[in-house]
């Protein structure tokens, strides 16, 4: 099977990672790296290499030896670049968020469908071993009915002029939720609370509340203000509760048996409180692999099999719709507001 | 110095712990344990003991050899029992919440003041080594300006007919916030979101948002539905960030230096993201002691010195006011609502 | 069933813990606490109590209302006190080590057997939830054949004039090994290495090597010189490996599946090395209970059922024999030396 | 400054890592990869690359555009390859152990000195952030006098026909000890105990005891038989104790203050034992960087500055001498035996 040929557009923060993974992949031949800044692109390509450096987007899109492009440019440029690439007949994988607005995103998804091209969003976390395992444990019923999901993502972030902590960090959590929840991320409403203790004009600490169909609730805490990372993701199910601590390398996923009937607890409340946990815990072996490597393999497989990739344009839109709803809730003192996309989906 | 004499009222879940600590205290002489259920009270007293067992509250309150009572009965009974005790001239420490409504609570505080008696609320967590140290590190400026506080308290809880997860668990977090924040817990508003995935008629998963004066925000996640405990409390300050993980016995408190200037981060976003943390971390030695032992010592000291105890009736009221506001916010889809008590405070 | 009556001899470091557990036990009636220092004994008894304080050992042993005694005095006094108690017809539980020499220990065991009395050694760790579970997992074959056991016990210790780190700390590890190994602790030899970096005249850091029948090996690291505790106990079996970290309250025991065939590893050495572990991990629920409470219950059960307790005098002797052999190995530059007791056992 | 030119010899397990780091280094130009297996070498080089693939060692060594070689072949071949490279005038970095015997190792070191060429041993761990920091904290006196060092390295290993666990794993620990101890690794003697519970004919579990000048002791536990990794390194000093847990990414190094005077502990033994630690703990920020990248930079700097690299041939010899002494101790039931090299050092 011959390799697919790809060019990486954008040699900034994420582009080098994409380039490295396409290079190491048995599915792909990295043909070129494109950036307005030639030196930056050349650095990604490295010495003693025949991968080409291009500074013109039209030039890359005009090449016959490019089947697909990977777009790692700022979100505000996604719509224009992705649209041009699709119109040039290239398959596309684009960084998240898919676009900076729902309308642009919908147009991109429609264009890809119309042209019969693959449009994938690089929801990288969905290709990590823990998230793939969580999806599996929910899908096969191991956890039971989902009762709550709580995600905490505390990082030292970069206060940026044009983006708040929701748009910067929450796409990670929302894309994971979209990937693991059986019906995708279709909350019945969205509530958002934000704080700007530095007075920079936008939220640096943010909380999202996402009531789910059936009475469950997802909640996301994103935070730029801590010099230490916390990445903790809890899925509470009727049978088991799963804790993913991404910073505990030996025990990243732990699944806790309920171990006791809820009524049994009633009888001896003291016992329940002094014990640190009830029931056995189990930590599944994870098949470690670099997520981006799994992502580029999925991109190739989707193109070859003519099927939607796991994190397709629609997944990108669902994430985008929640982000836009969060903005509206912030304007209404955190009140739960409906999600535009879901209404559309319901109407369809 | 002669010992103060005390009776414990209520021999249920918490009463035995109070009794044990009064017994072991050099400040106190435990005279009697009072409960309607004589066998239960007798079990608390134990064999080969001359501590008395009493089944009548008036009988205990009428005794001359009782200076103070500790009330560990259901919240709905607090107002009546505490009022009777104060009227009998006894100093009182009462379990949290101080009462089941703001009006009753205010009356109790007023009565104690009028009679010149000590009224203390057993906010036990405020007497633990980590909380005492957090208060100290905030008070002495080590953390800088507080930017956010995030508290997570996930337990396997007891679904009760008359109380939701906010009233059951959040008093712990709120009393800690009240204790460590320089001005006490006086949020500018309260937002609450709750979920009832079991369909039991009240929230089993709850989130509280508490904007603080100056742009900071406190947030509380209380949750009954997990077979494993999570107790994580993060205080983000302008100088340092503190993480309290109550289940990590060797490193319960960790203080993280910011370590880099925020602007410096901008220059090399990649570096900031690949490193798990920036700057040194420091874990202060904690002087371990049973919190209830510290609490009963404070109760004695407050009585002897004629000063308010660290967690006095007013602290109990501030917690109560937030709980009541949370209920109102729940009724308004999570919108931020004002806190009754603070209005009063502002008017004063 | 009437309660057994017990007196505690020695109100120093450990005696108060014994007294408290006998007091709280449904099996026992604590009659008296005996110590040459009356004030110290009185403090253990506490206020408003009718438990008696006695300063004369003969007086306690002469009482008819004392079925058993618990001896918590210095090791050098065990032989005399235990012998007197047995001769007075009392059942005995004694702190570890059972005696300060093998000869005295053997005489005590023989005397108890002759009088038909229970002689138990307080190997407290053998009554903790983790050790009980480890014993069970070895006994039922879950771990497979034992290949190695490695125990690390690092504490800040008290440099004492008359005892080295082996005699102070290793009895804990040796008693655990004796309890969990199917045939008890009968190493084929003992090697010991010690260091005295402070120049205090005896080992403050010690290592014991204990080759076991069948080619396995146990190893113990005891260390007084660290301000932080490490308590880590690893049991490597042919099927699974168990790690007990006593300072990780939520995950004290973890059992790791081998997960791969050893030959399979050969094929891809890299994979084995980059992954933190292979196979699933499992952390059994532990039924938490205070170990001393379990111990006093076992003492009562052994007396009532006329059977040897789980940690009987012979267990104490096996531990003692290893300690004595370790001393000989230290004198021979760490060379493996035979264990006296095992020779005797073989000859029997 | 022009780049130094290098060829990697051996494209097996470790060679690809070396190649990748030379490629990414600003100091180096990777000219060729040499392996008898051309396909294996070609895979290391990758697609769209002009790095050459060579199957003949003499051909590589004859090239003028090769300043240095990195040797990543089996230990038994090191002497022949390194000697040929030095005779061809190339600087050399070689994998550990430097050779499979002391005599060969000494000849290599002598030849490099004679030719004025750099001979470096790839003691990779010495270029990791934790080890560099430990060295610094010992060198600047932060830890005080070293009292003990304890290293545990438990991995699932590959049982190999020609090498035991000491030769496979202990070079890591010994090279670290050599790097951090002020005078290098010059133990006064070596004791070794090994176990072969699988009956494979060589030790799979091993313990090394290394008394150090001044009464301190280093100890190493290497172990192939566990499906889970443990990598724990404790340095006990008179002022502080340092714990390096390589699997705790957020807190890899922790430094514990003694916090109390030893005598003070005596007074209240109970307090010392119930507390998990005494004194503050501190976890220094580590500047994360791939160790091999730091190593290749040091190799270039040593060549350019004409100075010995940090882990030079002599360091490799000190490690080798301990391994050989360990073999002799194993033959004498674990008795402490002298180290050959140190005698020579003493005589010099």
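Order of writing sets the chain letters: A, B, C and D. Residues in each chain are counted from 1.
Basically, a contact is a pair of C-beta atoms (placed from the backbone, for glycine too) under 8 Å apart; a residue touches a chain by one contact, two chains touch by 3 or more.
Predicted, not measured: the structure shown is a model, and the values here were computed from it.
Interface comparison, B-D versus B-C: the pair with the greater number of contacting C-beta pairs is B-D. When chain centres are defined as mean Cα coordinates, D lies farthest from chain B.
Rounded to a whole number, the gap between the C-alpha centres of chain B and chain D is 52 angstrom. In whole angstrom, the spacing between the mean C-alpha positions of chain B and chain C is 40.
Counting partner chains per residue, chain A has residues 228-229, 247, 249-250, 254, 257, 259, 276-279, 281 touching two or more of them. Chain D makes touch with chain C in their complex at residues 13, 145-148, 150, 152, 154-156, 158-159, 189, 191, 193, 195-199, 204-205, 207, 209, 211, 214-217, 219, 221, 223, 225-230, 232, 234, 236, 240-241, 243, 247, 254, 256-260, 262, 265-266, 269-270, 272-273, 276-279, 281, 332-336.
Partner chain B is touched in their complex by these residues of chain D: 249-251, 254, 257, 259, 274-285, 288. Within the complex formed with chain A, the chain D residues making contact are 23-24, 29-30, 46-51, 228-229, 247, 249-250.
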